[in-house]
Amino acid sequence: MAMKYLDKYPKDTAKGLWVVKPMWTVMKLFAKVIPRRSMTIMYPYEKEWIPDNYRGRPGLQFDKCVGCGLCARMCPTACICLVETTDDEGKKVKRPQVNLGRCMMCGYCAEYCPVDAMTVTPEIELAEYTREDLIYGPRRLRFEGVNEMMEVHIEEHLISNVQKGILDQPTSAFEVDRPVLEEAKCIGCQKCFKVCPVGAIEMYEAGVNEKGKPKKIPRIDTDKCICCKNCVDDCPKSCLHIKEVL
Amino acid sequence: MSYSSILEWITFHNPMDNPFYPFGDLYNLPYDWAYKIWEFLGGLVAWLINLLFPGNVVSTWLISDQVVNVFALLLFMLIIFLVVFVGTLLSLWEERKVLGRMMDRRGTQVGLKGFLQCVADGLKTFMKENVVPKKVDKMTYMWTVSLVIGTSVLIACMIPLSDRWFVVSYDTGLLIIMALFALAPFFILVSGWAQNNKYSLIGGMRAAELMISYEIPMLILIGTVILMAGSFNISDIVHAQYDTVWYFIPQVIGMITFFWCSIAESERVPFDLAEAEAELVEGWQTEYAGMKWGLIMLADYFRGYVACAMGVILYFGGWMLPGIGDLNNAMPEIVFLLKTWLMFFMMIWVRATLARVRTDQILNIGWKIFTPLAVINLLIVVLLKFGGVF
Amino acid sequence: MMPEPEIKLDSMNTDRMTVIMGPQHPFSHGLWTLKVEVDGEIVTDAEPIIGYLHRGWEKECENRTYPKIIPMADRLCYSASMTWSHIYCMTVEKALDVDIPDKAKYLRIVADEICRIQSHLMWLAAVGTDLGNLTVFLWAMREREFFLDLNVRLCGARMTTNYPRIGGVRNDTTEYFDRDCMRCVERFEKRLWDIIALVDDSSVFVSRMQGISRLTREQVANLGVTGPAMRGCGVDFDIRRDDPYDGYDEMDFEVPVLKEGDTYARYMVRIEEMFQSCEIIRQAMKKIQDMPRSAPYRLKVPSAVPEGTHFARLEDPRGESLMYLISDGTDKPYRLKVRSPIFVNVSAAKPMVQGCRIADVPAVMAMVDMCLGETDR
C-alpha cells in the first residue's frame, strides 16, 4: 500500500501566481457540462429513482396486522399509538396510528413487526398544511405495492448456534422467545388472556387458591405466540417473563 | 385661426442643425433617437394644445430649438442608462448561468432562461423594509452608499459604446472615468466607520488596503496605453488600435496585469476582501438591508461592467474589429457589448476557480508582482516607441 | 538641542478589539461562537463558546432501552452518523461480551468508510466556502451525493443510517450493492483529482492554508487533539491501526502522517484518508463477496445488559470518539457518556488561531470540521 496523494503533493506552487491548472480544470468541466447538462435535477419535475428499501414514512398492511402494539413499544420517538378501529368485517380492532410530525423514519416499526404488517415505504413527500394532517390513521397508512424489501425482516442467529457451527438457521426473537409463567405467583386474573392479540393464551383450571376457590392459570401456545410481551407488561403480579433463547 | 395639420407640427430635423446641439460636430446616435422621439411626442402634444387653444404660445414653445434640445437630452439620458442597465443585467445573468455550469449546476431558472431572476430579485429587495440600525451615523450611512451607487452608475453611463454612442467625448475622458472609478473605496471606508459595526469597520479598512495595492499598477498601465496611443481620448485610443494592432499583442503583460487589477477594482472574487463573507459576514455591506443592499449589488455589477469595458477599450480594440473595413460602422455598439461580455466571462471564470486572498497577500501581490509587471510593461512600450514600431 | 520626545504607545489609543464570530455567522458551521480578540488584523486571543445545541442526549438515553438508542446515536452528528451508532453498538457488545460475525464486521467497515468519505467531502465543501470559493463546495457535494446514494442502497436512508445493531448490522447488502460500491469508489478516485487540481494546484488556496496555525506535537498531545488534526502535526496514531476494532486488523492501509502541523497538513491528511478509505472499502467488499450469501450478519443478543462499566473507542472522521457505559443489569443504561472529538479539538482554538489574521480564522476552524450535534450533545 502506498499513499496515492501524498506521493505527488505538496508541489511547490505557493510561489508566484500559478493558477493555470485549476482554471484549465474548471474550463474542462464547463465544456463537458454544456453538452451533457448539469448533475442537478429539477426536483419537482424530475425525480430521482428511489430504491424499494428506502426508509420513508411507515406503511401498514391492515389485514396482516394483529394489533400487538410492538411497533408502538419499539418506537424511539413514541409517535405510534394504537387506536380502536373497525376492520372490514365490522369488528372492533386495535391498529397503529402514526404521527409523522414526530416520526424520525428509523424503520424500527417495520423491523420489529412480528407479522411484517408494518413496512417502510419509499414515500417521502409528506408535507401537509396542518399538524393534524400529519397524523396518519391505520387506513391512511396503507401503501400500494408493498414488496419484500419493504417488509424488513430480522434475520438473527443464535449465539449458541453460531458457536456450534450452525449458520443456516436465521431466526428472530418472535420465533424463539416465549413467555414463561411462575405459577406460584399467578392469581388467575386472566389479564394476559385478554390482552393477547393472537389468542395464544388459554386459561385452564389448576387447583384452588388460598381461599379455596378454583383458580385459572394461563397456558401459552408456543406456536401461536409472537412474543409481543403484552402479557408480560400487563401482568399485575409480574409472574410472566420472557425466556430469551440465546 | 384655421385647423392646422398634424404634419405641420411633427417635423423631423437633423439634430445637428439645431444651434444648441451639445456634441459639437460629432454625430450622436442615441441623441438622434431621443431628438426624433421628442419631435414626435412634443409635436403631438403641441398639435393637441393648438387644437384646443389655437394660436397659443405653448405649442410653439414646445417645438422650439431650445426646448426640443432639453427634452431630447432627458430622453437621451434615459436611453443611455437603459442600455447600460440592460447590458449589466445581461452580464449578471451571464454570471449566474456560466457560474452555474462551471459548478455543475444549472444556475437560475426563473423565466426567459433565468434572465427574469434579476427582475424577481429587484422586486424582492424593493419590497423589503427599509431598516436603518439604531446607532449608525445616519448622514454618512446614507450618503456614502448613495455615492458609491451614484458614481458606479455615472461611470457605467460614461463608457462610450462607439464613435456615435457616447455621453461626453473630450480629451480626458479616460482620466475622468478612472478618477471616478477609484473614488468608491473612500466611500466604503467612510461607510465602514459610519455603520457602528466591527465587521463593517474591518471591511472598510480592507477596502482602503485593497485600493493602495492595485490602484498604482492600474494607473501605470493606463498611462502606458495612453503613451502608446498618444491620446487620453477613448475614441482616439480605439482608432489607434484599429490603425496598428490591438494593444494586447505588444502589451500582453500589461493586459494580464490590468485584468487582475480590474477584478480588484470591481471587488470581485478573489479580491473581494472588503465583503469577505466567510469571516466578515458581508463586510462593509453588513448593515445595509433591503433596497440599499440591492442597489449596492447592482452597483457592483455596474463596476464589473465598467472594468470589463475598460479592458476592452484599452487592449481589445474597443468597438472595432480589424479586417472588416467599413462593416465596422454597421453595429459597433453590439460588437463592443459582446467583447465586454466575453471579458466578463473571463472574470466569472476566475471567480469560479480561485479563493479569496488574504489582506497581506494582496499587498504583496500588488506591490511585488503587479507594480513591477506594470513598470516592465511600461519599459517595453517605451522601447517600442523609441524603436519607432508605434 | 531639545531631547527627542519619547513616543508613548500607551497614550495612543490602540485598544484590542473583540470580534464575536457566531452563533449566526457564515464561518461557524452550526451554532457556536468564537470570541476573537484582534489587534488590528492579528488575532491575539480566542475563546470558543459552545452549548447552544445542548439537548440532554446523555440523559435522554437513560430512559430508553438499548436498541432505541441506536437511531438517537445517528443524530449525534449528521455527517458521521454511521460511526456514532457503530461506537454505541460496540460499547454494548463489549458489555454483553458478544463477538459479532465476520460478515457484520466487514459490512460495518464498508459503511464506516463510506461515512468517512462523505464526511470528509462535507468538510472539503466547507473548506471551499470558508476560503471564498463555491466551486469546491459544489464539486465536493456532487461527489458526496454518490456516497449518500450508496447509503440508501445499503440501509435505506441517506444520512441517518441506523445501520448497526447490537450484535451485527441491520440487513445484508442489497442486490447489486457490491457492484455499485466498487463503481462508485472507482469513479470517486478519478474525480477527486479534479478537486485536488482545483485546490492544491492553485497557489491562492495553498498560500491561504500554508504556514498558518502551526501546532507542535507536544501542544497536540497536551491539548488532547485527535484525528486528522493530530496526524497533521506529526503524531502517528490511528485507532484503526493501533487499536484495531471490528476487523480493521485484517485491512491493509496506510495512515497518512505529516510533520508540518499547519492547516495545509491537516487538509492533506484528510485528502489522503479519503483515498485510503476507498482502498479499505475495496478490500472489505472483496471479503464480503468471498463469503456465502447466507453467512450470519446479526446475532440475537439478550435485551438486558449485565452490571458493569465498559467503554469502546473508534476512529471517527473527526477524531477519536469514545462511549462509556454504566449498566445496572436492566435493559436501559444507567449512564452513557460520550467523548466527542470536536469538543476536545475545538478547545484548542486559542493556540490554533493565535497569531493568525482574521481572514485565517475560517480557514483554521474549517480544519477542525465542526459538528455541533456531538459537541453539545
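Order of writing sets the labels: A, B and C. Residues in every chain begin at 1.
Please note the rule applied: a residue touches a chain if its C-beta (ideal position, glycine included) is under 8 Å from a C-beta of that chain, and two chains touch if they have at least 3 such contacts.
Values in this document were obtained by computation on a predicted structure and should not be read as measured data.
Each chain gets a centre from the mean of its Cα atoms; the one farthest from the centre of chain B is A. Inter-chain contacts peak for the pair A-C. Ranked by how close its C-alpha mean sits to the mean of all protein C-alpha atoms, the top chain is C. Taking each chain's centre as the mean of its C-alpha atoms, chain A lies 63 Å from chain B.
Separating the CA-averaged centres of chain B and chain C is a span of 48 Å.
In this assembly, the C-alpha centroid of chain A lies 29 Å from the C-alpha centroid of chain C.
Shown for chain B are the residues that touch two or more other chains, namely 102, 104-105, 352-354. Along chain C, residues 135, 142, 198, 202, 204, 207 each make contact with two or more other chains. Of all residues in chain A, those that touch two or more other chains are 17, 19, 22, 25-26, 29, 39. Residues 64, 67-69, 71-72, 75, 98, 101, 135, 142, 145, 152-153, 155-157, 160, 162, 167-168, 170-172, 174, 189, 194, 196-204, 206-207, 210, 252-254, 256, 258, 264, 268, 271-272, 275-276, 279, 294-303 of chain C touch chain A in their complex.
Within the complex, the chain C residues that touch chain B are 17, 19, 21, 25-27, 41, 128-135, 137-139, 142, 198, 202, 204-205, 207-208, 357-362. Only residues 99, 102-105, 198-199, 202, 269-270, 272-273, 276-281, 352-361 of chain B touch chain C when the two sit together in their complex. Within the complex formed with chain B, the residues of chain A that make contact are 17, 19, 22-23, 25-27, 29-30, 33-34, 37-40, 42. Within the complex, the chain A residues that touch chain C are 1-6, 9-11, 13-19, 21-22, 25-26, 29, 39, 50-51, 53-55, 74, 76, 104-108, 111, 120, 149, 152, 154-159, 162, 167-168, 170-173, 176, 244-246.
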